[in-house]
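Both of the next two complexes hold chain A, though its partner changes from chain B to chain C.
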Partner chain A sequence: MIDSSFDRRDFLKVMGWGGAAVALSGCGNTSIEDGKETVVSYVEAADYVIPGVSVYYNSTCAQCDAGCNINGRVREGRVLKLEGNAASGINRGKMCGLGQAGVQHHYNPDRVREPLLRNGDRGEAIAWDKAYALIAEKLNGVSGDEVAFLSGGVSGHLKVLLGNYLESLGSKNHFVYEAVSPAVVRAANKKAYGNEMPRFSINKAKVVLSFGADFLGSWVSPVHFSQQYAQFRKGVNGQRGVLVQVESKMTLTGANADRWLVVRPGTEGVLALGIINALGASGVALSGDAAAASQGYDKARVTSETGVSAEHLDKLVALLKERTPSLVLAGSAAEGYAHGSQNAAAINLLNQVLGNVGKTIEAPAVLPFPQMAPAKGSSLALKSLNEGLAAGKYKVLFTYGANPVFTAPGSMKFKDSMGKAAFKVAFAHYLDETALQADLVLPLDSALEDWGTQVPEYLADGAQINIQQPLMEKLHPETRGMGDVLLALIKQRQADAYKGFEDYYSYLRSALLQNKGALGGGGSDDDTFWDATLTSGIIKLAGAAGTLSASSAAGLKLPEAAAADAQFPMHLIPSVTANLRDGRHANQPWLQESPDPLTTIVWDSWVEIHPKKAAQMGIVEGDIVEVASKTGTIKAQAYLFPGIHPDAVSIPLGRGHEAMGRYAKGFGVNPFQILDAVYDQETGELAMHETRVKISKVGQRVIVVKDEGVIGGKQDGRRIALSKTTDQVKLSEEI
Partner chain B sequence: MHRILRLSFFLMGLLVAAGSHAADAQKPTLTTEDSLGPQVTQPIEFPHYRHAGLRNPNDPTNSDPNKGGMEIDCQYCHTYARRSAVAGIPPLQKCIGCHQNIESVRQKPRIVELFKYWDAKKAVPWKKVHDLPDFVRFNHERHIKRFIEQQNRPTQEACGYCHGDVKEMTVARRSKPLTMGWCASCHQKEHPVTGEGGAPIGNQAYWYKFQKPAADKSGGEIKAQGPNDCWHCHK
Partner chain C sequence: MSVGTLLENWSEFRHFHPVDDKPHDPYKWAMSIDLDTCTGCNACSVACYAENNIPVVGKEKFQHGQQMHWMRIERYWSEDDREFPDQGAQFLPMMCQQCEAAPCETVCPVGATNHTADGLNSQIYNRCIGSRYCSANCPFKVRYFNWYDYPTVDNVWPAEMTRQLNPDVSVRGKGVMEKCTFCVQRLRAVEVTAKSEGRIVREGEVQTACQQACPSSAISFGNLVDPESRVHKQWAAQQVVLEADEQEKNKEHGTSELRGYRILEELRPYPSVMYLEQVRESAV
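And now, the complex of A and B:
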């Protein structure tokens, strides 16, 4: 031990001189390691492979379902960087941060590298042919009704092949599950416009009124909407578009809005009907349905129920009346309640009253191959699977592209239900929570190693089929593409029908070549068409335009506001962030490391509390608070945030993994765990925002790790980033 | 007691620093003179002299491996250098392409070894002899364009500026310091950037210092200095 009189300063002095000595003597050639590094040359090199010179391949981003077309830079056989494909109508050469992190999905050190068979608590590596044989054995004597397949959203040829496999098993139990999906809005859109996902033209609108739709961050097709938003902001005929965001917890889109209106959680529909009522009162002709639905929603009632002031309501109505066309969007905040369908219907009705249908809400293109259209995920699917599992209905369970043990609401107790299936097979990239419960884990190729076709749900710019192709050789020899695995499994059942396909690539190729004419390749020979398709990465289809059918909103009635719950007084808003979404990519460190756009917090979860509420409860930033619902409790650091309703707290989704590798496990908490089993009454979807909680201080305090504020943003008087207070600037483009 | 201990530490540090500094100061930094790197043992002792060496005029069949070479152009094997920033190592395929047709040496130990790698489809684990720190970006392509394609200098001369007289070597050995000072010793010289009559050499649109040198009224050669921005190499 060093005596205390040899203090830190002296120690540093000596170290400093020692360091200088090392540095000086290191000035020669010593940093160059001649003859130590190995340079590995190619054994055989293709003509186009030049070390140091990149080649580029087009493919499709698999980080979310928006289906952005990407262009990967590959050097020395390694994919280094992804960018958007400029020819894409969806993302037009751009990409989001989530997409950029796709390389970390591919190079992730925690990928499963060989098939694993459960032996007690451990997984033992087995060979693929043994794994296939085991599946065949376990399916032997099991009827189709006893087999369930849970997947995330699938589309294209994989969906067709999966459907054929289930058919060969005689099973109709394909559950398509997405933890965070606009399922309620889809149903409401279907009712209001005759179409689940019409095209929203933000760029054609002069006012966008968004009820909690985070279209710049995480909603439906954010890269596409961001570009539309940029055009909308530049304005049509010199008139800059105005964005008004209505929500209970500020999203990235809300932070960009000209006016952000906080509403009492769940009262989005009330405000929509209130606006309709006020529009009617100001002379806008209302249909009978609209008049009936909005009857009684006068200014006084709306103001008291929603908390939006009369002044703001008047301004909003004047704005919507003055500037047409406008666009009203219903997002996840509006749909996440037991009356989510009614909320969404009221919001869609507002579009009809404003005459936006056909102007800013347009019919989407129709995909000429309906069998390839995406199977859209919902949480209803998980609910029915869970009920079946709990009742012991299913003996064999397959899971692919979903992590229900992590994302199912705690009240569902999915893990226990899953245990009742006798044999569980997980097709997985990582040992996530669901794969850990499986009996057999089959390792998949990453999205940058695999073949595939994908059709996005939101067809931004005409119908198109996206091509997914390998950007590089497999990193791990024992992983397989999902298509290849399905093909091998289906050959167990129908060997003759599929014997012509050596692998999924040949299946894909022959399937696309068969329809060459319809895919726009008529007249060219097979190889030319195929090469052109792989080069562009997109097949644009001359699909017929769909139609919108206006329908009545007869019978629309919002329920009375629920009585306050004395035991659980606060609303819990589980927020969907642009980076982490439902948490399937939480093991990509870039996503953990990029600061949340609103709070700038990294690598951890937080509980957003309104400063007034926090002051009442004596909570300051960094206090560990316990958030308790009927279902469970979690503890996380408090973050004081003025962009939230005082009666609500918000915790971001995506963190709090108990497995899934070194970058996901143990960071933050998982709010899915404490979600109550409340469902939307019409669609049966999980009402994500209906959970009521109480919060209490635990007594610990931590330093919140974030970029913002005194700790992260200290400028030492150097005037690096200058700031003004809000009253010094004109905040709004509103009139 | 502790004071003395501290002082001795302090002085020792000083001494070491000063000593190493003095040793360093003696090294010539701006020079083109040779600075031999370590002798590196390669998995196969590749005879550069036999491939690139000059023919022996007294041996028309060129059969004595110790007395004459094949005069193969460096770029025949090191084909990436003119197309990329990095020179790369020739793919094994390249060696085999010729050697599968040269029966006379097929049973020589080095060739037998070579074919072992080829049959196993394994890359030869060559050791790197010319290494630059990761923060330096040297561009082979640009140097070859300038010296060989624009100024028509012989390949071996141009490559030799940095790699030494490889045609005399067995396995390559670093023979220049490859330090920044050594790079600058060439780049500080005045380069001709226009030929006779003021025409830019090779019609290149780029000029050192990012500006076209003033025209020489006499119509003679115009010279300019090398890159003068850090990021040319440190990017």
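And now, the complex of A and C:
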């Protein structure tokens, strides 16, 4: 054998690198896929492509709005894998499963590939210039008030451009809609802390008491919170952080709690006031508001209303008193009721009583460019859009980044309302339920093909603007970036003002370069600043520190518990899972086949029911049960799940598509369809947890397709997953 | 030879790999997973699909037990018949434990699975004849068999999806066994780089895909024989010894204040993955 100091592998590597000048740029990886039918050697290789050598570009994850900074691996002009950007203060090099699946969004075989114009039940491919001309024609003679634009959460320059376009139309009707959003909590936070989203420092808390906030799974910025959680568990000097989760249906976060307290649905606020009352009784000084609000919430009442035992309540109060600072979080389970605002206010008040405000709840950074700050979605926006549509107020409707026909509560009958608009344009990646109702569907670039800037709502690490840049050439020649489409549309109205911008890229570049000084590029020339910006993918801003303003909780009062509904005795909890969220990514097969962490079920929906309740009703695993509300009925397989209140059933959101693509269509059921029209009384947001249902067996049984074995979650006496209590370990001696 | 003699002098009969006088020089790849920070989120599993060209088999084949997840999250409930799981669940990331005396290796009729000098349990796809003895003999059930030719099965990698496939990893055809490789393609790349620079791989130079993704950094991976590596330090601090079938720290009381353990250690496969026990607060 030859001397291994210079082996074949090294030799090939040397050959591969030989003489290549590596120029990294974020765009224009051209022509790799061209001529793929014939094998030709790289006689004239593009100088940034070295066969067999990967290059990496920074960009921003677009799978949710948390704004994780990502690093894409690109080889031979193809993006292969996404990793976290280690320099990011948000996700610190880490990534969730949903984010990993971003490549499956990009390479998805069911993407829309060309503009489609409705012809009866079919969509006919048309050219972009015809599509633009058609939009101009349809907008002709329509007043701005008659145009509505529905979008998901938008931020950065896209938001600015969208605002400018609507202004050019004379329209103020921008509806920002997110089916799953912490809108009620935002409003309660604004009242309690003067900020909709303060910074939560889980890592600084010794106790985290979370009322249904699934911060490890799907709440606000889960990858960032997971990093904080890891530090919180390691603790300081071996003092490990304690997590107590209060909810009616176990979330992923609940499954990681030291103590999981199941409460009767909707009584989260009662427990919070009960804890305040008990803290007051044990000598913690209460403000007048806190004392007034918690008056009468004694132990007997609280235990009987919530179902939490006196023993657990006592232990929790003692723990909160002894270990400070703590952190109390109000999440989606607490806010999903008609009294959601009061629930959230009671929970936030607990933070003030415990003195956490300013310690584990801190002021967020202020973005120096408020026009780029995210427009935050809520369900209230959809409600007002729906009312306008139903009244025939809007003639032209644009939809982008939302799928309201799938996610609107069934009681809203959004599909019918949408039909009343004369001309509907959907900017879409897939032919989803909403795009199918549109008259014109315009295909968009994937997030890995497009330019953009993004600002996350939750500024985990100070003010920053995230850069999104193409990781590869477009897969389909006839898709367009959303920014490019908006620019083309706005040029129809204000050609002169925008004629200097050939495309969205040039708009973005000049907009950022104009503000170079404020963006930290003061001393450098344009190209240097631009290259540095694209290389890092993050623009850190010296934002002013915000302030917290603790405000009074005067007048906080929880309503009496609603009377039981004899006809619909059970609570329906539509659960938000980390992978599927509101269902917009259901056509990514990794997510469909990734088992739900708690039930391990794949590719289907299920109805979670407590084993005790199931035994009463004679239901066993796999029985098809009918879940009926006032609004509608769905049928799905039963799964016996111990982590749920016996008076509730839970069905995950995100599945049950009737369209969208091969991996989404026909798998599972859509609980949005049976949600009643109940709204939070203060904010008007949809109360997601207020729907009451009855369940019955339909007489069929299926095998539940899941990852756990036949003995379910039992170890059967084998020592596989082991656990100790804190008094059995010495964490301080670990590294 | 009696069974007693065999058991008494086990190490003489059941050798570690490699068996020459310099085992694990310069590498012994190993892992540790902290079950107290693992949240069970499944990010590791999806990252593994992305890195290792794992086919999505679909609902029907999943029902038949033909799923291919090299990395899976097992979820356990406490078994004391309480009404609610009021101390949460237990999550356990499970993948090939890269055993030093792997039960799968000895039963392979064609030597398709065997041990590498850097301490991996390797699988040679084009030598495998699909007897599946290895899977039958694996106590962790982490070997996955290709019942179908997934590259040609509808909707596994349709059209553009093939372009996502990692060119550093073989796409497996019908009839071969596969499993977690500790991302051997990443290991080999850095080993070659290090060798060309006349050094060994430094701590932090390579990450497995699951470790890199893990949002709570529960997974550590590295060279167990490098005293500078985090894995080495963790194993040492937890007093878990690779070549022991019962750890000294447990001999007296059956348990210790240290959380490190290896699953099914008593079967003597000498796994290369150490887990750190989950912890629950006793005061609440």
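The rule we apply is simple: the second predicted complex is superposed on the first by the 667 of 735 C-alpha atoms of A that agree within 3 Å, B and C clash if a C-alpha of one lies under 4 Å from a C-alpha of the other, contacts with A are read in each partner's own complex, and residues count from 1 in each chain.
Just so it is clear, a residue touches a chain if its C-beta (ideal position, glycine included) is under 8 Å from a C-beta of that chain, and two chains touch if they have at least 3 such contacts.
For clarity, every value in this text was computed on a predicted model and none was experimentally measured.
Peer 1: State whether A:Pro559 touches chain B only (first), chain C only (second), both chains, or neither.
Peer 2: After superposition on chain A, A:Pro559 lies in contact with neither partner.
Peer 1: On chain A, which partner's contacts cover more residues, chain B's or chain C's?
Peer 2: C
Peer 1: Examine A:Thr600 and indicate which partner it touches, taking first as chain B and second as chain C; both and neither are also allowed.
Peer 2: Only chain C; A:Thr600 stays clear of chain B.
Peer 1: After the superposition on A, what does A:Gly419 contact: first (chain B), second (chain C), both or neither?
Peer 2: It touches nothing on chain B or chain C.
Peer 1: Which partner chains sit in contact with A:Arg662 here, chain B, chain C, both or neither? Use first/second/both/neither.
Peer 2: second
Peer 1: When the two structures are overlaid on chain A, which partner does A:Thr725 contact: first (chain B), second (chain C), both, or neither?
Peer 2: second
Peer 1: With the two structures laid over each other on chain A, which partner does A:Ser226 touch: chain B (first), chain C (second), both, or neither?
Peer 2: A:Ser226 sits against chain C, while chain B stays out of touch.
Peer 1: Overlap of the chain B and chain C footprints on chain A, residue-wise?
Peer 2: 5, 10, 13, 52
Peer 1: Would you pull the chain A residues touching chain B in the complex into a rising list?
Peer 2: Checking each residue of chain A against chain B gives 3, 5-6, 10, 13-14, 16-18, 20-21, 24-25, 27-29, 31-45, 50-53.
Peer 1: Please name which positions on chain B make contact with chain A in the complex.
Peer 2: Where chain B meets chain A, its residues are 2, 5-6, 9-10, 13-14, 16-17, 19-21, 23-24, 27, 35, 37-38, 40-41, 80, 83-93, 117-118, 121-133, 174, 177-179.
Peer 1: Would you pull the chain A residues touching chain C in the complex into a rising list?
Peer 2: 4-5, 9-10, 13, 52, 75-76, 78-84, 91, 93-97, 99-101, 103-104, 107-109, 216-217, 222-223, 226-227, 229-230, 233-234, 240, 242, 244-245, 250, 252-262, 312, 315-316, 318-319, 475, 578-579, 589-595, 597-598, 600, 602-604, 612, 642-643, 662-663, 667, 703, 705, 707-708, 712-715, 718-731, 733-735
Peer 1: Which chain C residues qualify as touching chain A in the complex?
Peer 2: Spelled out, the residues of chain C in touch with chain A are 35-37, 39-43, 45-47, 49-51, 56-59, 62-63, 67, 69, 72-77, 79, 83-92, 155, 158-161, 163-167, 192, 195-196, 209, 212-218, 230, 233-234, 237-238, 255, 257-259, 261, 263-264, 275, 277-284.
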